[in-house]
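Below are two complexes that have subunit A in common, paired first with subunit B and then with subunit C.
And then the complex of A and B:
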């Protein structure tokens, strides 16, 4: 425990805590309502979607890949779930089917980038467009209302003061944090992302690992989509789309390297998600013009990328300097 | 007065290596000067200095009696120096014209390109050299040889006085080489100063006027081509003292039965390769860079596809569809490029050593930190890897210790390695650690492991290996026992044309 704390204080964790504090103080001075219970709950809800998507995305990024279709996949998850329930299917079955659908989304992405060898960036961008189109077609571009009150409960239940979706996200983060640092597949994931060639020559099956995490990402995106549908009581083409961007930004702020292999642990990742959500919620509460919000989103991504670039450069420098730093 | 470029006392050191020392020679107009030497002799460093890519620590470069400092590649071009590297610096999707004028596009008023002039000049140069090239063609569609011609045209268009070639014939076929030589002769007649780097002896006699022989960063000899012969050159290239390092090795005396047998292995890079490796034997692969040695072992390891031929382990035919299959059969590969293929540089020693044996480090569902650390601890002790702790990331270790981490990975007690392939294991590591690596090879052999030892350092291969296989152009050109091997006879096989 002490070791973890020391590691935390040396890393990005502390910086992020400070940044979050500054953000919170700044917005609460501008608007008292920022610290109101309603807004805090709003932040928790918003975090739960971003955080869930981030969880799958971060794993994928650690393996050196990316899935730009995460948002569209989540949207499909929520939409198809809503359609199935609206046609009278029992909601647990609908959920299971939608998660399976998410796995298929992941398989398609994995096929395109590992078997066909397209760049994940391009392949998943194309798939994002495909799923958005498919979503609009099957729903007739209209909102599908859900009337099953039992299904609503998923989004509306509270455990003490925490909404269930928030708990789901935290549990996901904890589980994946544990998996990555303690299991074989987690270690292989980091090694693949760290150096694909070396991993392959050491007998690690890169395609298998990458495929697993593409599938994982598809399923997690659908979990996000389904939870959102439950909260909104509907499924629609607009839901979740674009969340992959928040996921990416949160992951990068949360210490996951854009180039694979690096992670500062799930605690820092959580702070990354928290920081992003506090910031966006602040912009929302001060009633910033919607266009400015879109702009601020992009600016934040650019800043996150610059930070990642600087971090990467520092790392490369340490690699280059290495052979001379210590005489054997 | 004839124009010339003179190197005077040039020296250059990289951390831990004296790449060049006391290099002095002169190249004059209308002459082709060959720079000859083994891999690592310092030829490329000298070219880098000439092209302004790097600066010498000492010495002077004198062009036509005037001392010059070549500050950058751009500076080199303005001083009339063009270096044509093996990797061509062309834009493949642009036309020949645009490439020939790259970096110096002629314009009319308002920055409008003077296309007419560009076409005209390019066509003139093409005609002058009599090349069947259409100036409008994108460079990417030309063959490798003609791409090289475009590089030469580029240098010619800039009116460079000094043109240096870095192993220009390496990717070319015989007919293409003939065209290249015709061009070089034409340039010589025009009074250019030509520096020609190669390690192919036959060409040197065909095209050059003078020869400068480099060895271990020093100048061994300069001679006039017409007055020298092949055996002189080879002697000049290899003549060096062999220290006690090798005679002190404690070698394995019991070589067992055949462990690995390769018969008529073929793929894109490797042709008809057959050899045998016995238990406890060290088989060395010698040859120049690009001879196909790494490609042979990559094919055996399942990392590259095989078109035909068979691989037998213990007399049983093996087909590996992936690296993992090969590892399961007891083959381990320590690749040539530690940073790109061997190690995950920013993970710690423990992670790097435990990479292939994660299965055996589980307790229940999870990886046991303790088991992994014990494993790493044992390797660190066994090979005296110098590190303050096990969670040091490997990029912070010296080259020698990084190499030991890889060796530790493949020879840990959890691995069942029977065939150990070491591709350039001593590259970039200091002399002391090199001796340790040689002894490690012998120790592995004593344990009954069959070791394949690839190296571009001739002295090293012929003194460490029991049996030396020499390759050239993807073919095996000879096999020599250690007792009979000399640098001369191995180098002669490696350069066989």
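And then the complex of A and C:
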């Protein structure tokens, strides 16, 4: 615990805590209701979808890959789950089948990226279009209502003051945080993303690791889509699509390197998700003009990329300096 | 091995596209002619009716009950020419196919430009030999589209707008006849309905100064702007000092989460407002707005209405009402039937673009062209089923003949 706190205090975490504090204070001054319970709960709900998508996205980014179809995969998860429930299937079975479907999505992405050697960026962008089209075809581009009230409870239940979707996100972060820090596969993941050749020379099968985390991302995306379908009581084409961009921004803000290999830990990732959501929530609550909001979101992404670039450059410089310091 | 896999993948994609194909369905038996449909629902809304065909047009040229014998001529060939496709457009096409074949001796085919304005405009030449086009265009390409239709296609097919008119954005002046819901009217009627009926839901003790209004809109889509303006004008006329907010989803991916977050943020940010009207410009907004209201626990203090019906009646069909208490009755039959009767009148030569529906011309749309007078009806959970049945009976003669969605 002490080592974790020391690492946190020296790392990106402190910076993010300060930034979040500034954002919260700024919006609270502009609108004191920013800290109202209704808004805080709204932030938790907003974090739940973004954070869930970010979990899977972050792991993939750490491996040096990316999945721009995460939003479309989440949409399919919610939509197919709604269609199965509407046809009388028990919702637990519908959820399991949709998670399996998410795994298939991941396998397809892994096949395109690792076997066909397509750039993951392009391959998954193409698959995003495919899944959006498939979703429109199978649903007739119409909203599928879910009338199973037991299923609604997934999105509506609170454990003490925390919404269940928010808790699901936190649990995922804890699980993946432990997995990346304390397991062999986690270390292999970071090594594959940091230096693929070195990983290969160390006997790590990159394709296997990449496939595992593509599948993982597909499943996680479907979890996000199913939770949103539960909250909205329906599945529809268009839901969740676009959330992969938020996931990517949150991951970069939260210390995951866009180039792979780097991570500041899931605690910092949580702060990244929190920062992004607090910022967006603030823009809504002050009734910022929609066009300025689009601009602000873009500026935030640019800032996140610049910070990532500077951080990566500092890391490389420290690596170059290390042999000299050892000699002296 | 990789080459074989790549070829297999390409073949699978092609096979999948071929298997998907179109999903049109045929009709059943012949419907009987009907007058301008009005349906059930609340027709007491102010300015809710719109002008009806008057004795100045005794032969009802261009209207659904036009008594001319359409089967005394060869079938017309008309293309349903769309800039994009969705479920509503797909249904309209199936309805037009059925009504055209059974009622007006018209054969339809379908063109979809998949959102590509260049393709939309350049493909007019491919349909030069058609008798008519019922088209929906993109406002971004309005000027060029109109130029091509008027100059390069003037000696080819007849055309008529549906869903998006050729129109001056600021003055509302029309540049061609169109079958479109009057955007300003539906924004006005839906907002006025809330003002006239809120005491039914909230009682008489509500402090009017604590009522606020949120308009959910997408300002970059031209057809939605009059709805917002009308809602604002109607709201400020009734409650000049009350809070008015616009939830504009422009520039962002429209999804449930976005609308949910907007409603949560706006309501959280104004605790001084105890009761809300929420008017939705399009059908994607009502459901997530209702979910946000439920999560905030203020269902009994919010009235949600919508300028379109599909997103609301889907909820009502599933037994979900809550704050979703009304919507504008906008049956697609109210677009397809007039569009068909209008294009036939043009193709027959019994009307021109300037004379079509001249008897129902409204000065606010200019002096040259007419917007077909679609009656505006407010629906509630108690009236929408009968409304849809009534409209279908008037169009098809028997509601069971209406193509299913």
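Here is the rule we use: the second predicted complex is superposed on the first by the 321 of 328 C-alpha atoms of A that agree within 3 Å, B and C clash if a C-alpha of one lies under 4 Å from a C-alpha of the other, contacts with A are read in each partner's own complex, and residues count from 1 in each chain.
By definition in this document, a residue touches a chain if its C-beta (ideal position, glycine included) is under 8 Å from a C-beta of that chain, and two chains touch if they have at least 3 such contacts.
The structure displayed is predicted, hence computed values, not measured ones.
Enquirer: Should the pairing of subunit B and subunit C on subunit A count as a clash or a fit in the superposition?
Expert: fit
Enquirer: Who does A:241 touch here: subunit B (first), subunit C (second), both, or neither?
Expert: second
Enquirer: May I ask you to decide whether A:205 touches subunit B, subunit C, both, or neither, giving the answer as first, second, both or neither?
Expert: Touch status of A:205: first partner only.
Enquirer: Which partner chains sit in contact with A:182 here, subunit B, subunit C, both or neither? Use first/second/both/neither.
Expert: The answer is first: A:182 touches subunit B but not subunit C.
Enquirer: So in the superposed three-chain picture, is A:197 touching just subunit B, just subunit C, both, or none of them (first/second/both/neither)?
Expert: first
Enquirer: I want to verify one number. Taking the Cα centroids, what angle sits at subunit A between subunit B and subunit C, in steps of 10 degrees?
Expert: Once the two structures are overlaid, it is 120 degrees.
Enquirer: Using the superposition described at the top, determine whether subunit B or subunit C touches more residues of subunit A.
Expert: Partner with more touched residues of subunit A: C.
Enquirer: So if I take every C-alpha atom in subunit B and every one in subunit C after superposing, what is the smallest distance between them in Å?
Expert: After superposing on chain A, subunit B and subunit C come no closer than 15 Å at C-alpha.
Enquirer: Spell out the part of subunit A that touches subunit C in their complex, as residue ranges.
Expert: 31, 33-34, 36, 38-39, 41-42, 45-46, 49, 115-116, 136-137, 140-143, 145-147, 156, 228, 231-234, 236, 238-243, 280-281, 284-287, 289-291, 293-294, 297
Enquirer: Can you list the subunit C residues touching subunit A in their complex?
Expert: Against subunit A, subunit C makes touches at 2, 5-6, 9, 20, 23, 86-87, 90, 219, 245, 248-257, 260-262, 264-271, 284, 287-288, 291, 294-296, 311, 314-315, 317-320, 405.
Enquirer: Using the touch definition from the top, list the residues of subunit A that touch subunit B in their complex.
Expert: Touching subunit B: residues 182-184, 187-188, 190-191, 194-195, 197-205, 261-262, 315, 318-319, 322-328 of subunit A.
Enquirer: Which part of subunit B faces subunit A closely enough to touch in the complex?
Expert: These residues of subunit B touch subunit A: 15-16, 301, 303, 322-324, 326-328, 333, 335, 339-347, 351, 354-356, 358-359, 362, 365-367, 386, 395-401, 409, 428-430, 432-433.
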